[in-house]
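Consider the two complexes below, in which chain A is the common component and chain B and chain C are the respective partners.
== the complex of A and B ==
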């Protein structure tokens, strides 16, 4: 089928996006609308003694100033655990926590009014050390139930001694999703007393399920429509301005728009959990794993968000895609007064991956093996078991992937080495033309990384999607309309849904309707799950339509498809699709079939490091990923490129710097994300070993490259410098200012 | 707050537009709010991300770092003005064709930057193309396809110029 699955079909929204016509949530505009603004706490921890909104209300142009006392319904919300107040109630638990909201006739007026609210804080000591929060019984509790959000052990086997033992302590900094389109949306009060909310989000129904109770409204009176989404990467899983804008709209009877600026965005969404990890790997002298012990400590910050699931991922995937019979893991997620952390691409698995891959390199060195060989010797394959006891029951050809990766040609021309009289091209040196040397200290390094990520929601979650497919005659052609609530956040789901409908129904003209809550839940655009689950739902609805069409056409063999549709009317079917059920992890042993699908990606990084300046230039990233079935080659490559870039960013530059609970760098000047000069050319090999349990055999693809690129880059920098580098991002001072330890 | 407002006249995408703005009104806000041209996006508000890039008398500028009053009387091209006679420009076509965008929020800034770049350097080398867009951030694509799109746009542009020249020759003959 032309433009069906397997083809590089262009994005249906591509022309709108290049012509400037695509309406992002920040572009929405209605006659007479007001602008909302948020007053946020300057303190990581404080009591609110009193608040005076009078000065704000007195300002001309201000229509409403609301605090927690004005929340019409439930005063708390949350993705997994409803512990987060809509607006702070007598207490703030992190810097940036929303305290009051304002609606005014101009955004500047709204911001000035918010600043005019007088809040009397009694500053309290902030809990900022996650280790203390987890293990020190004298540590103050951030929430009444204590600071431990989840402790998930994994216990397998009893042999914790081996010929070769390597240990390490690793740290992952707090990464930000840094989508480019800040949080924004428009709330419009409706005649039925409800609200219509146009918002950039990852899951309309989970927003609805949190917003409606807070507004004291039944869900059907809180209707959400997806506005244009400027990237997500996990940061739009939690609510930001949804309840606030709706409260202001309901109070004022006017449409209210809220748009965060970049600085506010850093405080307006959760980040990737920073992690502190202790690992011990034991192996035979020839490098076969005997045991892994690990303690993984994840700082969830002030509210729960998705910490429960992040801990589950870190625990269940904490040894990586390696066969090992004895495992002792303790994964912890804790509350602190640091910024709340939750979903970011690859969550839980990313942090553990950096640590276990660092360990595999140490083990390789201890056993005198190459990084590739140690991984191949221990690689899982179909039929292996995870540390949770779960059988890997679809292809997992890790050894073959590594072999293919290692056989890819290496880039030539080390920029700084072997210079002739002309000197190196400064643009190719770490730091580019801005750096101060002639490349004398440039060393090249090569590193490998391997990652395994669970695809779809795990641990017993009822994970499903809903699709409505309708075929009708439009002019003299059949036309198919696909309707789901699935969020297109840039990943290309809107393209894939249409491709599936074309393939299943053999009809070229397919439109994907805007996503809204007028159809059943699609689940979240996260966990690399939408091609699988919403793709599965679209396929199921198409199959149902096809069956009915088949019966109609059999009854009217003399008619064409269009004539049948004209005579019998449109055919519409709605279907839900669920993946295989998953099960909770045993709270004591961690055992259980907690995941439905697992995906592998492997990276090789080549870097040049200026060891004197501490600057790194990634020369090339190569990757091999098994996606089961390629639905859209061009879009898939884009996902792997983008995921790899975010992993590179975590390895080398991206960190929200937090001191005593305060964010030091909430801007794109100080929070660095890779530019095109930081991102090297990529070499990709994409494998298609189908998963028999998934639609078309596909395997979710968005997250795995974000896992493996980070340890690959870190390993390459280690290979170039000989340093331990137990922390990402690797900062220039970690390389250049190491006291007298350079080999 | 009483503040002086200024009347500015801008030629935006070939159309003369007027707005009355305070002196501190950013060009990005003027375009988006006063003139309703929301194709210009604001990603960082301080000149780092490049999403707000527009062409000022043909040269790329950060509209979030430009006061509207300072460009009174000048010509501005935004993403909405890149299409020519209803047809997408070579740069716009190359970005869709090469899948050089995902969420697309950064795209208008890239398009304006690349449009000016290829006008001045119609056949760039790899290094020149990289440097040309090094001031624009994209969070989705890892830049691989953006680089391809720059070269593809150069190809499309060259082919169009050649076709136009051929047509002119034929017309002349």
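== the complex of A and C ==
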């Protein structure tokens, strides 16, 4: 089928986005609308003694100033645990926590009014050390129940001694999703007393399920429509302005638009959990793993958000895709007064992957093996068991993937390439055209990384999607409309849904309707799950339509498809699709079939490092990923490139710097993400070993490359410098200021 | 906020005299960012983009007179051979879009210690041409920077042009950033060999409250380099030069890097840059040292 699955069908919004014409949620506009603004706490921890909104209300153009006392319904919300106040109640727990909201007839008036609100804070000491929050009983509690959000142990076997033992302590900094479209949306009061909310989000129904109770409205009176999403990466799983804009709209009776500024955006969404990890690996002299012990400490910041699931991933995947009979893991998620952390691409698994892969390299060195050989010797395959005891019951050809990766040709240009009569091509050197080097001090390194990620929601979550498919005659042709609530966040689901419908129904003209809550939940656009779950739902609905069409056509064998549709009317079916059920992890042993699908990606990084200045240029990234079935090669390659770039960013530059609970770099001037001159060309090999349990045999693909590129880049920098580098992102000073320990 | 849009230079000077609190805006790559981040709102903006003569540069003897509206992109494209240090620095400014808008005069007006054009201007002995209704005056670059984001302009003055001597020896600019493009300097360094005078010019950026020269390093190198015999650079001289440049800095710890790293990196950058410049000098390459013929046009406008 032309433009069916397997084809590089272009995105319908691709040209619009490149040319700047795509309407994002921040571009929404309605006649007579007001602008909302948010007053946020300047303190990581304080009591609110009193608040005076009078000066704000007195400003001309201000229509409403609301505090927690104005929340019509439930005053708390949250993804997993409803611990977060809509607006601060007597207390603030992080810098940037919303305290009051304003609606005015001009955005600047709204901001000025918010600034005019007088809040009397009694500043309290902030809990900022996650280790103290977890283990020091004298530490003040950020929430009444204490600071431990989840402790998940994994206990397998009893042999914790071996011939070769390597230990390490590792740290992962706080990464940001760094989407370009700030939090924004438009709330429109409806005649039925409800609200229509147009918003950029990742899961319309989970927003609806949190917004409606806070507004004191039944869910059917809070109708959400997806507005243009400018990137997500997990940061739009939690609510931002949804309740606030709706409250202001209901109070004023006017449409209210809220758009966070760039700096505000850094306070308006959760970040990746920073992690501190202690690992001990034991192995035989020939490099076969005997045991792994690990302590993984994840700082969830002031509110729970996705911390429970992040801890579950870190614990269940904490040894990586390796066979090991003895495992002792303790994964902890804690509350502090640091910025709230939650979902970001690969969560939980990303942090652990950096540590266990660093350990595998140490083990390789201790055993005298190459980084590839140590991984091959311990690689899982179909039939292996995870640390949770779960059987890997679909292809997992890690050893073959590593062998293929290692056999790929290396870049032939030497470090400091591109020399000609005019001197070096500075763009090919660490530091680029800033000309920190013209070849001096540059050393090359090669490193490998391997990662394993659970696809779809885990640990017993009822994870499903809903699709409605309708076929009708339009003009002389059959036309198919696919309707779901699944959020297109840039990943390409909009294309894949249409491709599936074309393949299943053999119809060229397919439209994907805008996503809204007028159809059942699609679940979240996260956990690499939408091709699997919503793709599965679209396929199921198409199959149901096809079956009914088959009966109709059998009854009218003389008619064409269009004629049947004209005579019998449109055919529409709605289906829910669920993946195989998952189960909780045992709270004491961590055992259980907690995941439904697992995905592997392996990376090789080649870097040039200016060892005197600590600047790095990644020369090449190569990757092998098994996706089961390629639905759209172009979109898939984009996902792998993007995931790899995000992992490179974590390895070399991306960090929200926090001191005493305060963010030091809330801007794209100082929160650096890779540019086109930082992200090298990639060499890709994409494998298609089908998962028999998944639609078309596909395997979720968006997250795995984010895991393995970080340790691969870090390993390559270690190879170039001879340094331990136990922390990412690796800062120039971590390389340049190390005293003469370099070999 | 008032938006003032003079059509002529004279009108611009009148407006600045009448409204000394007005913030001049040319490319907007600094001013608009500050406004968008809500970091203070100027009472008025004085838009200089309509004034055609500001977009011109010309050669006057051994000096390039660079109009206040000449963008980094044009500087790179039209003046690279004559102002190599400044062109190299311009090439590191922001992104192509920012280089298409931003100007050296804007960098001077903002006077951020991290501005990329300051080190080569210091190394090349540039002169700022300031003007007001009271008349024009020339401010040597070494007297221009008076504090963090402060400069020597009087409230009623505007920058008309920057006068930069045509290179008479090799020039280099280097900066440190944590990524390989579009990054604000962690620290930066520029060197210019003034061969005819057997003198070395330097400029240090993002490592003190203001951009500054490393005078002791300049004097040391001038004295120790073998100008006549052009013998190879003694590594000890290069190393000492680096130390002296680092010693001229007064860096701080901030979100972009630690002071200790800045000091270390400046020593490395300066050592390397002296090596490159001296190698060019010995080979007779780099910027034209026969003073003047330079090639290319003697003026440019847009």
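Please note the rule applied: the second predicted complex is superposed on the first by the 725 of 743 C-alpha atoms of A that agree within 3 Å, B and C clash if a C-alpha of one lies under 4 Å from a C-alpha of the other, contacts with A are read in each partner's own complex, and residues count from 1 in each chain.
What we mean here is this: a residue touches a chain if its C-beta (ideal position, glycine included) is under 8 Å from a C-beta of that chain, and two chains touch if they have at least 3 such contacts.
Computed from a predicted model, the values in this text were never measured in an experiment.
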| item | value |
| --- | --- |
| Partner chain(s) touched by A:490 [first = chain B, second = chain C, both, neither] | first |
| Chain B versus chain C as contact partner of A:13, first or second or both or neither | first |
| Touching partner for A:24 - first (chain B), second (chain C), both, neither | first |
| First, second, both or neither for A:284, with chain B first and chain C second | neither |
| Touching partner for A:382 - first (chain B), second (chain C), both, neither | neither |
| First, second, both or neither for A:560, with chain B first and chain C second | neither |
| Partner chain in contact with A:167 - chain B first, chain C second, else both or neither | neither |
| Partner touching more residues of chain A, whether chain B or chain C | B |
| Which of chain B and chain C A:653 touches, first, second, both or neither | second |
| Which of chain B and chain C A:159 touches, first, second, both or neither | neither |
| Contacts on chain A seen with chain B and repeated with chain C across the two complexes | 261-263, 427, 667, 669, 674-677 |
| Chain A to chain C touching residues, read off their complex | 111, 261-263, 427, 430-438, 440-441, 612-615, 617, 652-653, 657, 664-665, 667, 669-670, 672, 674-678, 731-733, 736-737 |
| Chain A residues touching chain B - in the complex, by the definition given at the top | 8, 10-11, 13-15, 17-24, 26-27, 29, 177-182, 228-233, 261-263, 427, 489-492, 634-635, 637-638, 640-646, 667-669, 673-677, 679, 681-682 |
| Interface residues, chain C side, partner chain A - complex | 36-38, 88, 91-92, 172-186, 188, 255-258, 260-261, 264-265, 268-269, 272, 275-276 |
| Chain B residues touching chain A - in the complex, by the definition given at the top | 32, 36-46, 48-49, 51, 78-80, 82-83, 88, 92-93, 95-99, 101-108, 111, 127, 130-131, 133-147 |
